[in-house]
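As structure tokens, the structure follows; a few thoughts come after it.
Letters A, B, C, D and E mark the chains as written, and numbering starts fresh at 1 in each.
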């Protein structure tokens, strides 16, 4: 398609990469958090629950600013990870981190609900067959939760594709590195005559997100069929 | 508390009002949409599903811009509603509309999942007792969905409290009318040294959103108890 | 060299053009990063990989200088701007912007679009000008404040508000608005866009770009985009 | 006719084609698992829209595929008792009971809550939530809920199947009371001969989606060729009247002039009841046996001897008490030289008659 | 001893205090609903941590509240068959069966998949998902799954309760085969006398959370005072050997020298089996009745006459076939002048012995 310039294509590719990794890497944490919130009763549970929801509650700019303070090159966590070769500051990894944090509450919510729907009796049955808690989780809870995980992941992906406020505040808007589609749209909207360029990018993001959504609904239905609704 | 100035208090009150009405007024539509997506098979269902998710996918600024185009004083819907005395442009009602739109996907997701969890056999039973579809919905589906509705509502409320990009793009920032807490925070962050004022407002929004979250978890647990999990 | 320039978002059109010319002439490559000045300043404070900052705000540049985050000697003003009062195209006749301005009459119940009046430079200048002519108190509760001056422009361009106060450069580029008054520049602090090398990141390329920005070619481009050379 | 059904419905690989009319009283749809009972009853309820057909409830046409009529379930004025109760978990027992009341068309005289609560013995449960109820209690509430919706027809799909024996015998009497004390006709799905014996006015036997037989309970139960649950369920259904209750715990019944002793029955003297005598519990003797513990010995004439595939033959004996069936081994029949027309005695062990085989007065029987 | 249990556990308003040892073979935990059976078996499985107590499985101490030992379920080496199957819906039947295999400690010789599949007759189901299986098929897969996890003890909590009669008689033989063909001991919860009769080596009777009785199946079944499901379930358990199968569909059994004819049994000639003769199906006669259709007439001496509250008395008859119980009315007993020490004849109707009362060879019995 020649109606997107090379820089715009770059933004699309980057957004996809950012959203993919944001989703993929936050999934294990999302699962763990959702499982803990759904199944464990520990002191501070409500605190964790609240923390997870924070990025939903706060204006994205604030989240981005807090990320900048914590994970920036001069931030405490940034300085800790720096020597390990892990750097988020002003790199696409940082955009992924910002997107992951912003999408985290959505992911956890969706997964948590589907974990709560898994019958603990099946988990008990697995235990009597010799499966340790971890195995039970991996072989019973996890597969039965798959539709919810899928839903959570695609929600997170969609959110990650659209995230802007936290990303630009945390890692700026560096073409080819941190300029995602939403930041590109933002940049276009900042200049006169940029609306049509912005509109083209908007359409691209809609197409991608819709495709992800449809794919996930289809996958969820297939999984649900295989797993057998209400069996 | 004297550590918030009168204008900040005003923003807090306004944010609460905006979030409350955004949640309350979008709830019926959220319910209807969730029910339709969960229970009806109609052509264009995936389209509706996609549309509902749009505000999640698009950068908020874009959503705000589109709202401005549609509901602004010169927009097609705005011109339609104007004569009826309904105006969103630059009024707190517009802030509520923007917040509602942005929160809508979260609300619908949560409610839809809990509707899908209601056993259709109970709905059948109600029909054999003489209840029309509407009555079945009101007396069986709805009460059994209550925990999910609560969850959806509080999620929407939290999101509405934090919404900024779409709101300011749509209805700007008019102190006392459309200056919500997030726009106030944003304004503080634009000037050097504004961080501490911003931080105070951030803390206030966290407290409010957390309270809402805890309240909803507590309510959901009570409802779930009354309704009897897995009965 | 590879030069990363952090620049105020509202300068995108002009700077993109200048950077292209610069690249063609020197063989350096530039990466332009646009965002609100506040965001950029904070990021530089956190070690952003910027060689150069072009700010829309004198205040933020002062702040960075105070933190020793820029090279003070390199600080220059690259261009300037004026404030204008605008209206949707063909809806208002030109007026004089002074203490006799009948804002009420012009607004006919509508709102005045501006950038955030206490936070964003364009808003701060505009508010200063209104105050200067004792017009501020009269309209203060009828100002629709956008998060950036572009959004304020959009309100007027989309005919949502009958009036707006924006930079001349913005009005210049937006065909859907008319300038109904130029705001006398003495009514507010001078509008300047300071640029400086970022401390510890200043290569020769960055220095060259900074020089280029103050050069005649750049001034021409700025002027084409409605910016006005300081003092001019 | 209370109910006229004539439907066709095809699933993947299974089709139901049922055509029957049900008079007042209790009509039992009888058939083994998978024979299509639920399909039929759901079509009557309107929960399933059959491919084609015609259904009339109390002279109202609720389905007519040709005329394009399909009355939705909530307008059919039925009460449906499901196998699993399906109580509303968010309502108390009382609210569950009252659920259908608000939908009763005005002008319809409907059962009274207190009366139904009394009838079903659930007064002590009214304020409880369904979650804590036992299976039997749940079913009683479900019955009450269906009754109170003012139905013109009660449907019940194996309402006792999920219950254990004790609970079953707890609930069965309530259905008997419905039959005798209320005027609502009932369509009752079951695969239990005991339930048919106690409840049925009419039995409709379904086999592989087709109606195999329709008739009175006594006719169907005594016919080994249609009994869906096998030959062990075949038995005679005798109409009896209570003559006396004795101090030793026995009740004396009059069955067509013959006397039958049973463990104490719940009916009072003078009341009529029906007793199912399973064929396998009847021993035949050529002469009246003496010195034997069985109290009930009824003479009769062999009217038919049918043999099936197994080691047994089914002997029908015309007695004063009515037709009595005895299932004996082919070997015995040979040894005793049983032939049609021969006179012999049916020996019925008093304690072998299970309580679930002794039912309330047979309406219309 | 395969299993030693000694636990205390208190719920709100109900407490269980159970103390028993189970030898090899099948131990049936017998008791009515709510007596605490599930509580005990869950404690053995480790799904419930009782307030206090001590449990040993195959000489491994899996619970010792004093020593603070609590081995979690997955390390107890048990196989648990639940009432509702609890198959994993996302796995095929084969994957369900294999689920536990990977957790079998190395070195443990474990059942072979093919053998178990054969034993349970589920070869044709292997590739299917559990959703489409019938209740009986589900339970067979659940049994196989438990077996293949290499358990040192099989637990089963009313594995047949959710099934109808036909399915029940389909599954029972598989448990018998487990008992006779495999060496795994079984703890089996039930409230059905027929299941006890067919399966139990040892019976532990639970009443209100306490052990009311422990003994062999024959002892417990013949004791009306502990039979949790009431007097109608009481009966004698006879150990028999197949003598011949006859062409007319009858099998001839030798029971301590006496001959018993039953509808054809599945065991082959020479094999031993047990037959439950329900007391209510036995008629007593003072002299050997002639000209009667019952084929089985066993003489014996009355060893005991017990009367309960009802109209019946329980008569124990010492016969060559073993102790036979007859439940007759008090009136008959009086009329016949039955007293202890008297000789009389038990008349057992051939067809009255239900198939579910005829079981495989009694291990250890």
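Throughout what follows, a contact is a pair of C-beta atoms (placed from the backbone, for glycine too) under 8 Å apart; a residue touches a chain by one contact, two chains touch by 3 or more.
Molecules present, by chain and UniProt name: A, B = Molybdenum transport system permease; D, E = Molybdenum ABC transporter ATP-binding protein.
Computed from a predicted structure; not experimentally measured.
Peer 1: What is the minimum number of touch steps required to go from chain C to chain E?
Peer 2: Minimal hop count between chain C and chain E: 2.
Peer 1: What whole-Å value do you get for the distance between chain B and chain C if each is reduced to the mean of its CA atoms?
Peer 2: 35
Peer 1: What's the distance between the Cα centroids of chain B and chain E, rounded to whole Å?
Peer 2: That pair's centroid distance is 60 Å.
Peer 1: So how far apart, in whole Å, are chain A and chain E when each is placed at the average of its C-alpha atoms?
Peer 2: 55
Peer 1: Among all residues of chain D, which ones touch two or more of the remaining chains?
Peer 2: Within chain D, no residue contacts more than one other chain.
Peer 1: Could you list which residues of chain B touch at least two other chains?
Peer 2: 65, 186, 189
Peer 1: Among all residues of chain C, which ones touch two or more of the remaining chains?
Peer 2: In chain C, 154 touch at least two other chains.
Peer 1: Each pair of chains that touch: what are they?
Peer 2: According to the stated criterion, the contacting chain pairs are A-B, A-C, A-E, B-C, B-D, D-E.
Peer 1: Touching chain D in the complex: which residues of chain E?
Peer 2: 32-33, 161, 164-166, 191, 229, 232, 246, 248-250, 261, 263-264, 280-281, 283-287, 289, 291-295, 310-312, 326-333, 336, 347, 349-352, 354
Peer 1: Chain B touches which residues of chain C in the complex?
Peer 2: Residue positions touching the partner: 36, 38, 41, 59-60, 62-63, 111, 113, 116, 118-120, 141-147, 151-152, 154-155, 158-161.
Peer 1: For the complex, give me every residue of chain D touching chain B.
Peer 2: 45-47, 72-80, 82, 84, 86, 88-90, 99-100, 103-104, 129-131, 145-146, 149-150, 155
Peer 1: What part of chain A is in contact with chain E in the complex they form?
Peer 2: 121-122, 124-133, 135-136, 139-140, 143-144, 146, 226-228, 231
Peer 1: Show me the residue ranges of chain C that touch chain A in the complex, using the header's touch definition.
Peer 2: Against chain A, the touching part of chain C is residues 4, 6, 9-10, 12-13, 31-35, 39-40, 42-43, 45-49, 148, 150, 153-154, 170, 172-174.
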